[in-house]
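Next up: the structures, one after another.
Each of the next two complexes has subunit A plus one other chain: subunit B in the first, subunit C in the second.
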Partner chain A sequence: MANTYTLIQSVTVGSAGAASIEFGSIPQTYTDLLLLCSLDQSNSSVIADIQFNGLSTNLSSRLLLGNGSTASSVTSTALRSYGTNPSDFTASIFSSMTIYIPNYSGSTNKSVSIDAVAENNGTSGFCSFTAGLWSASAAITQITLIANGGNVVQHSSVSLYGIKNS
Partner chain B sequence: MTATYEPISTTTLANSTTSQVIFNSFPSTYTDLVIVFKGGASAGTTEFQAQFNSDTGSNYSRTRLTGDGSTAASSRDSGVTFMRFTGVGYLPNSDLNNVTIINIFNYSNATTYKTVLSRLNTPTQETNLMCNLWRSTAAITSIRLFVSANNFYTGSTFTLYGIKAE
Partner chain C sequence: MATKLVVDCSTGVTTEVELTAEEIAQREADAAAWAVAEAEREAEATAKAASKASAVAKLAALGLTEGEVAAILA
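Let's turn to the complex of A and B:
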């Protein structure tokens, strides 16, 4: 039986940092996509935003959050997670984030499941769980990850995998 | 590379007349199982549920952690007759915007009870984590996914994957 969990592309950020990490020309031959992310950023924000096909419109998300003392839930008009380690967290700790996108090449709305942790050797850390939606019929051909308010720093990495259901 | 994430079976509903999807006759040779659901319900306030091996007894329990966009909450049920993946919300009506990823661990062993960890995402209602338990030592040989009322919506997809720990 075929192995259906295939690496499409992996990106590691160099010493200059990057305003965003982008995957373009995504093959339309898989059923689902999975991104595994390890991110650190230059700003004190923990937020990572995701955009498809270079567009920041028709996005929404519903988050479940924990910061080590309180659980909460919020909504956003961005496709959002607490998925980067902020600059005021302990140095050299990177976030871990998984982004699952089923039926990315179909003509229905694109739903997204995101799990993320931003850990810290301090009093607070973050975990977040996101139900995301891009209300668009277009196939996803490009994915952009943005560190809200800053740059993605060196050694951050993201791998994009394709999954086939047959 | 050894294939460790393999598709076993996939079903896409051609209409809105189906209230259950059953996976059976799957191999016992994997370590864990993963089900990816993308879809919705045909109408009404419909919950997403499951049973193993046609067991309708009071042999299930569950703990949920849910965010609805304004409040985080947790609750628990024990001695119930089915597993549940929806939390405070329901499957969306007449769209395919829900994505639920269900992990079934060590499904083929005949020694321990079976635990199930799921991530349900309905971007317009909730994001949740649910831990379900089936108090049976029997190997899982069939999985029944069903709705509490009405039917699954046209175009809903269910895919079963097997994972090998090797």
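Let's turn to the complex of A and C:
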């Protein structure tokens, strides 16, 4: 990884699982933020939702999805990705999801890209790419990842990196 | 009780916190909304694939070759 990437915090989920993972008091000293996620979920939803500063409003996204048989798209008023491995996928296999947030501390609206693969060994998985927007002037100080309807299970992990332009 | 992990980036401390009633209600509403949206997406994708297959079959019945049909769809 480029030397301008700095690990801010990393978390691994314990045996109790977690309905969501929240990074708070994010330092405002970087240019961009990157989250690398490896997630397995306790229910049949493949969805991971992302929220900023604890708010579920002023979010929008368009998602492109390939599931092994069709390619489709989804428009949403949430910031959404097919980014967790659901319970009906192969057990103990984790998703790979990358979330990139440029200019997170600026005063303009925040654009977001999410690249995710929910893995299902031997059969179809879900590949998704999300272009998202948070229409807000506030700097991002908190990021929440939400497992839709269930818990992120033990050994799931998320790492938050700060990226500087120099 | 469902919990969330809260990571304080200024201290590096991770805390396990129980969800509030409001958070639980929101979580249930989000899950229900997703189930509806996912069913709609699947139905739309299935209908689109069926329409495409039907169109291809009709073009073939008109005498178009496989290559000509592919050229139209490209």
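Note that the second predicted complex is superposed on the first by the 162 of 166 C-alpha atoms of A that agree within 3 Å, B and C clash if a C-alpha of one lies under 4 Å from a C-alpha of the other, contacts with A are read in each partner's own complex, and residues count from 1 in each chain.
Everything below uses one rule, namely that a residue touches a chain if its C-beta (ideal position, glycine included) is under 8 Å from a C-beta of that chain, and two chains touch if they have at least 3 such contacts.
Keep in mind that this is a model prediction, so the values were computed, not measured.
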item	value
Touched partner set for A:160, first subunit B, second subunit C, both or neither	second
Touching partner for A:9 - first (subunit B), second (subunit C), both, neither	second
First (subunit B), second (subunit C), both or neither touched by A:18	second
Partner chain in contact with A:72 - subunit B first, subunit C second, else both or neither	both
Partner chain(s) touched by A:54 [first = subunit B, second = subunit C, both, neither]	neither
Which of subunit B and subunit C A:122 touches, first, second, both or neither	neither
Set of subunit A residues, in rising order, touched by both subunit B and subunit C	65, 72, 74
Residues of subunit A that touch subunit B when the two form their complex	1-5, 31-32, 60-66, 71-75, 100, 102-103, 108-109, 111-113, 115, 129-133, 163-166
Subunit C residues touching subunit A - in the complex, by the definition given at the top	2-12, 14, 16, 19, 23, 26-28, 30-31, 34-35, 37, 41, 44-46, 48-49
Footprint of subunit C on subunit A - complex, ascending	8-9, 11, 13-14, 16-27, 43, 45, 47, 49, 56, 65, 70, 72, 74, 76, 78, 146, 148-151, 160
Subunit B residues touching subunit A - in the complex, by the definition given at the top	1-7, 10, 36, 38, 65-72, 74, 95-99, 101, 119-129, 155, 157, 159, 161
